[in-house]
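Below are two complexes that have chain A in common, paired first with chain B and then with chain C.
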Partner chain A sequence: MKKGQIHISETILVVFVVIIIILVGVIFYFRFTIARNEALPYELSERQATIMLAKAVNLDEIACSEEDCVDTAKFLPFKRVLAEDYDRFKKIFGRKKIVFRIIYPEPEESVKDVECGVAEYIQVEYPENCGKWTLYEFNPENELGAKISTVVSLYFPETDQYKVGRLEIEHYGSIVRY
Partner chain B sequence: MNKKGDVSLLFKWIFGIIAGAVILMFLFKFAGIHIGGEQALEGNKFLVSVDDKLDAFGIGEGSDIFDLKDEFLLGVQCGEFSVNEETSENYFARETDKVVFAPSSLKGDNLHVWTKKWYFPYGVTMFFYLNNPQNRILIVSDANKIEEVGNFVKKIPQHFSVQVTTKQLFNPASFSSQAKGSDKITVVFFGTSTYSVNDLKSQYGNNLNIEIIQVNLEDNTAKIYDNYGGVEDVFFLGDEMLYGLIFSGSGYECTKDIALNRLNTLTRIYIEKVNRLAGKTSETKCVDSLVQSRILLEKYSTTLTKNEFYSLMEQIEKQNNKLEKEGCTTIY
Partner chain C sequence: MEVLLGTRKAQSEVIGLLVIVIILIFMGLIYLGFSNILDSGSLGDERQSIEAENALKALMNVEMDGYEGKTLEDFIVDCNIEFNACETMEEALKEAYRVILRPETEFSFFANVDGEEIYSFGSCDLGLFSSYVFVRDGVSYEARLKLCS
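Let's look at the complex of A and B:
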């Protein structure tokens, strides 16, 4: 091989090695950035769910007008309005499940997971005949969610009684608005 | 001189330049994609952050100054937040469910926030009032209304720097220095306006966005004279909405409609609640009062005029008090 050809081969090799090093650097950088950004929607979703926990208790659609409590008599009307205006509420709540449960006095085991619907409401035994209200649920991709909860005061205007309840928000790892 | 060596050296140079240019182009392209992606992320993160901060802050009534850490151009349109100019490629918008009364654009590194619950007669929603020092609000009152107007303005947090004066003392020239560094000036006349937008433009210059609002407290109505010569007749329901009018100016009507929509949703909930409660009550007087309440609420849900809103609001309030006195379950 001639000297000139050896020089050219050396230059090509150096350029090739430099390109490889740059490519490896870029790939690592992108992988790191993508991994960081992939975690972002979940972080934001969790943050939103935490804010929603406080916001939902104070939402005028379900809150008591004066005291710091949740008016259970508004739950069924709210669910009806929500069904009529589902798109608007999807924008507010996003991919979540919002459930209120009675925790004290503890409901009987047989009714603990019974949804308080219209059929239960019209019965004389209400609210002893059911244990929870699922106010909202939107999980189109059947994702596994993470749950956060807080204790709330539930007011029953029908009997002028208060019970201890729990608000549970299950969020599904996305902050997409619909 | 060795001709072969010359050719080889020349070839090496050409090869080096081409290879270097390709590597540089690749690096520039990479930097461009990275910067674009980061800007998009930054813009969206900023909007999510502002929206979340307001969500958290809006749980109760209060006021604060948000430090945005950097200078941003925040747009507040009807039910939407945006960042940067609409024509810019870094423009991002995000829908919001909050009822926000603010000038259409807020430029700066801080955001003045005030939240106040709107009751009419029951709690409807939290109102958000946003502003910054670039948007000045000046209130001019008739001398005979100065006490009433003064009490109204007193409730606005001091950091909003809303100034009050009487019509007799108001001289546009004395506000020239404040107008100089501002983006927008809103002059709110309680009573009749003695100046037009053009009068103020001749004083402060054509580049400044000027709006005049003429409020009629007796009638709960107002006229908005915008920067471009447009005039709009509007009404307000309660002081909270009047504050909204002052803060948002020409963007008021759309935000007011969102608030009225929210009132309608709440009213539909109360109709249903009262209806169900009537079915659970055994006392005849309570059932009668609840049925009466439902009729009032049904009328309220279809109301469109300001006078009807005020009249029905008072009737519902009275009905609620009556239910309370009778020992029955109340509407709200």
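Let's look at the complex of A and C:
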């Protein structure tokens, strides 16, 4: 009888220890999973921005008709269309800022951050009098964003010249559909 | 007595086996947890690949700053004729990519004519390749850029 009781006690102890080990393992697993899920919205936002980076240069609204480049003459009309149908583009682009910058040949320091608008476009010095186009910006909660970028070829039909540009996409927070 | 002893041994062995299995399951759960949080880095690689391709294509038709309006295509064609033009091309490319690429990005460049290499510079073992082919006066030229990783 005593031996049997000892056996049963041993078995209960072993089963108890085993259950504790399983519980600890499950707790660890779920903690890691929760941590991963908390980072997921940001990762999805970054993924969406990366896809947009690859596709932006091929958008019909701004791409060159024949070459693999971006037609800068289409930027201002595109901005106008975007402003007229802002809600639709908010649903497409989400909370982002999309900027094209001239990087080579290097523009002068004084014009690097000058926005290329209609006023700059009609001047004789264009495109030497400005350095960037902000095509889209939507950040309603003024969040800090993360920026990704890639090199693009910018074509200027006014002078039949190419320059090297950088497409910058700043994405904010998680993906939210508007 | 012997039967009792045998039964005890069997019980011990079964429980021992069960403990090992449980420990393995526990380790498996820990591994799954770690593998969930490991950063795959695939988004960064994807962007690097886009960068490599665009960095070459974007420069091909640009009039290089300070080189009499010559484009990279012009340089490659001249490099096929005269070696000095190759060295000038190397200088021009280094200046351009110093501005175009992210800081501290190393690169290698190769120029081929009809499939044969005529000039190259830079040294990196691993990297992302991009290639651009053009034809001029019936001759096929290829520019290859490798962004070092």
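The criterion applied here is as follows: the second predicted complex is superposed on the first by the 142 of 178 C-alpha atoms of A that agree within 3 Å, B and C clash if a C-alpha of one lies under 4 Å from a C-alpha of the other, contacts with A are read in each partner's own complex, and residues count from 1 in each chain.
The rule is short, and it goes like this: a residue touches a chain if its C-beta (ideal position, glycine included) is under 8 Å from a C-beta of that chain, and two chains touch if they have at least 3 such contacts.
As the structure is a prediction and not an experimental result, all values here were calculated from the model.
**Student:** Where does A:68 make contact in the superposed view: on chain B (first), on chain C (second), on both, or on neither?
**Tutor:** second
**Student:** Looking at the overlay, does A:55 come into contact with chain B only (first), chain C only (second), both, or neither?
**Tutor:** Only chain B is touched by A:55; chain C is not.
**Student:** Touch check for A:152: first (chain B), second (chain C), both, or neither?
**Tutor:** After superposing on A, A:152 lies in contact with chain C but is clear of chain B.
**Student:** Identify the partner contact of A:26: answer first if only chain B is touched, second if only chain C is, both if each is, neither if none is.
**Tutor:** Both partners, chain B and chain C.
**Student:** In the overlaid three-chain picture, which partner chain does A:103 touch, first (chain B) or second (chain C), both, or neither?
**Tutor:** In the superposition, A:103 touches chain C alone.
**Student:** Contacts for A:119 in the overlay, against chain B (first) and chain C (second): which applies, first, second, both or neither?
**Tutor:** Touch partners of A:119: none, neither chain B nor chain C.
**Student:** With the two structures laid over each other on chain A, which partner does A:11 touch: chain B (first), chain C (second), both, or neither?
**Tutor:** both
**Student:** Determine, under the contact definition given at the top, whether A:47 touches first (chain B), second (chain C), both, or neither.
**Tutor:** A:47 sits against chain B and chain C alike.
**Student:** Where on chain A do chain B and chain C both make contact?
**Tutor:** Overlap of chain B and chain C footprints on chain A: residues 7, 11, 18, 22, 26, 33, 47, 54.
**Student:** Can you tell me which positions in chain A touch chain B when the two form their complex?
**Tutor:** Touching chain B: residues 4, 7-8, 11-12, 15, 18-19, 22, 26, 33, 37, 40, 44, 47-48, 51-52, 54-55, 58, 60-61, 63, 65, 71, 73-74, 76-78, 80-81, 84-85, 88, 91-92, 121-122, 126, 157-158, 160, 175, 177 of chain A.
**Student:** Which chain C residues qualify as touching chain A in the complex?
**Tutor:** 8, 11, 15, 18-19, 22-23, 25-27, 29-30, 32-34, 36-37, 43, 46-47, 50-51, 54-55, 57-59, 61-65, 96, 99-101
**Student:** Taking the touch rule as given, give the residues of chain A at its contact with chain C in the complex, in rising order.
**Tutor:** 7, 11, 14, 17-18, 21-22, 24-26, 28-29, 31-33, 35-36, 43, 46-47, 50, 53-54, 57, 67-69, 103-106, 148, 150-153, 161-165
**Student:** Mind listing the chain B positions that touch chain A in their complex?
**Tutor:** 4-5, 7-8, 11-12, 15-16, 19, 23, 26-27, 30, 34, 37, 41, 48, 52, 55-56, 58-60, 94-95, 97, 122-125, 265-266, 268-273, 276-277, 279-280, 329-330, 332
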